[in-house]
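We just call them A, B, C and D in the order they show up, numbering each chain from 1.
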């Protein structure tokens, strides 16, 4: 299958929820080093709410799925992750509005819209050691893959590769946004938890897409 | 080893905690119908009064709900443990306390809170509620003095909330106009300085794992109230030496003159008992006496906690005539009273 | 591993703590000249009023000094950590608060306190001060109901002091005569029931060693506020199950009827945070609702602590018209206010 | 030397203080098992105060030493130990009033007076698992030794032997007085801390007396 309809998109959200559940403790540990140790818990609460909301929703379009997920995630968690991921999902939903299936162009649009959402909500710059440092390269990779005529699956998997690399680059950064910004130089040497969760989510989508 | 806690299902902990609060303080508090995380003062919000909405993550009790009541905050929006509330309950608070004179949002300066409260403010604007925001940024440890363009923009809000919210709540209760309330809130923040020390971590109910590691003989100065790393880690020192370390930094920023007056809060982060807080306070008083700074009032206890974290913070509120008037103005909250 | 504490020389800890208290609460408290461990209410003792002297070992703050003030205790005699004060400071308290109408001594029922307060009472008699003693014995865990000849003579006084002292202080403040004050004090004690649970130990400043051992998944029900062993040790349970265990025993002794009214104290032993206390309170309220017992007032927080011990206690004060009047009577203390 | 003058008595109090300092942790542990874990601290605070007071006092008679020690001990500690030991010392002082040196009769009197003091202050019965269960056999042993024409040194050392045995007998007792009384059957199997400190004090006196 090379496109995503609303049912497929719900499957992908459930796979993201599974991945978060697996990585929950790890994300808390990352956040413990330079934040308040709750990022895994927050993501898990958020994706449990998303899973529940999507199991109850009557979605006609992928946009409905994104909007339902955004609202459920935001209202369940708040925190930093809430507005950031919720805005990402909302922007993706807005971008693909009217489409019943997401083709390779829409998949690339979806990733760039998410990155834009994170950027405009968080107002971070690249290199500030935030999830944007995973989203931004992911969006660029998605666009490149689209231009290189790759399949939807390849677009997603290259976005995930780029997000993982992006997350790794946060290790050497000094935080300038978010809770860890107060650490100054002591924030260096640790991966940003939000960048790590971004990579996990994109990887879960890519793997889920390919597997089917 | 996992932290022992008296809890039920962690997934329900905030809602159950709020049930317990409402059961304990029915004279002071109520929930917004259909928005249980929006806690409103029974006696407080009224027509023509600037509404004061505070809020933030849970785990700092009695902050925030304990400061909701006549003369202080009109409402608090409550998040998960150490997590900002989402926009919806904040918006519901704003709606519930709007008296047509504007609504002040006040909370500690954390990225998550800023994003969620700002979203709520935008939503409130669509409902024709004018919202202004004053962040608390009293934690002198959270950014060096030289790293601020706008003087304290990088800093966290911690236990000094106590004084900052108090001043703003008094201004609102006195029916001052929106500009005056905002001005006083900002001034109270500018005049409040906090620095803390942690001796051992807390843990989230969901993980029950210590949220940072500290050696058996170590303390950390300047640690945040969510366990965010501080400015200096070293061997644990005497109460006097710790109080001096905190006071040195606070006083060097506050720059009080002989004859000035302050109010003091010596706050437990959770498991540090009053006995130790009073030892710290003894030294605070000595230091103030040394430089001939007068003491208007002192509070000692757990006012802004981090669950079972061990440690303490010292807050100084640098008073002038107006701030004294605000501090002494009566308030009647579930966990705090003046006058 | 030794407990981390923010202290100076342990040998000086009580005197330094009192320095810090006096510095924090100068409007409420003063020391008897030449008897620094005798803390007197600035506004309270007066001619013709029965004087109320409370006291006991330190380490339970805000008990006892936090309850000294107009409308509650006139004085507190302060001992070392977990050790009764000696007779001299108790006697000095009695002298300082004697208004010619008699002096009530009230404290928890512990062998050491009884010996020292009794010696002080004998010495006071030589100074023509009439002293009567009412012990608090609210800890239902400390002796089984069937083992009391005089109903509760074997039992310890714990957090229920809060209600018992409050009632007696109100009676004294209302200028009732000695017989009435004594009668009300005894009644308040008879009507107060406390039961606690400990999750982890505290330690003395001198040793910084845990004063009992509890497995990593264990709790102990009925443990004393000095770490004295309790009635039952077992795996840690949910907040609801723990609240039920405590309430079951309290209610089975209190035997309330439908339509009765109680006041509730959910007390932290030290490091158990308010979040957990409110979870317990939620269940307390459910249990009272179930049996149609009304709730007059609730307090939640650290009122009778054991330094950094983790755990909590629930106290029920079984009210009648007179006890309601006493509970609602205003008081103004350093760490507690009503009205 | 077979008698005790006021200077010698001060030496003996200092030796008791030394012994308490050595056994302080042990006494806290005993108290931790069935009480509030402070008996060693309390005894140490008390004997430090006694040591200090005796170094400053101008004592003409053993009685002055006892009274000074009693007052210093009581005012420094309170607790249970304070009234009990202070009353013991006071009674000993009253008993030997007027004597400048304590001979063997006075030494035996001293021990019995102390035991009487503990009994009348604490109102415990034998077998209640208190320090009386060490003091009472000590007093009896002292009287027996006196009647058997033993020396002062032997009187003291037999009192100490009896106190140690008495302390050991508390292991099997169920507490009926003091803090541990609330434990009921759970108090069985542990030595009473006050009985243990009694044995330590008498042993320190006996050893000190013999050594010189």
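Operating definition for what follows: a residue touches a chain if its C-beta (ideal position, glycine included) is under 8 Å from a C-beta of that chain, and two chains touch if they have at least 3 such contacts.
Keep in mind that this is a model prediction, so the values were computed, not measured.
> Which neighbours does subunit A have in common with subunit B?
none
> In whole angstrom, how far does the Cα centroid of subunit B sit from the Cα centroid of subunit D?
54
> Approximately how many whole Å separate the CA-defined centres of subunit B and subunit C?
29
> Mind checking the centre-to-centre distance between subunit C and subunit D? Centres are C-alpha means, answer in whole Å.
32
> Could you pull out the residues of subunit D that touch at least 2 other chains?
none
> For subunit B, write out the residues touching at least two other chains, lowest number first.
As it turns out, subunit B has no residue touching two or more other chains.
> Please categorise the chain-chain contact pattern as a line, ring, star, complete graph or other.
Looks like a simple chain-to-chain line, open at both ends.
> Just spell out which pairs of chains touch, all of them.
All chain pairs meeting the touch criterion are A-B, B-C, C-D.
> Touching residues of subunit B toward subunit A in the complex: what are they?
Interface residues on the subunit B side: 11, 57, 79-88, 110-112, 115-116, 119, 142-144, 147, 154-156, 204, 206-207, 209, 211-212, 224, 226-229.
> For subunit A, which residues are in contact with subunit B within the complex?
Residues in contact with subunit B: 25, 28, 32, 34-38, 40-42, 44-45, 48, 74-84, 121-122, 177-184, 186.
> Where on subunit C does subunit B make contact in their complex?
Result: residues 1-2, 4-8, 13, 16-21, 23-25, 58-59, 61-62, 66, 197, 199-200, 205, 216-217, 219, 236, 238-240, 242, 264, 266, 270-282, 284-285, 295, 298-302, 305, 307-308, 310, 312, 335, 337 of subunit C touch subunit B.
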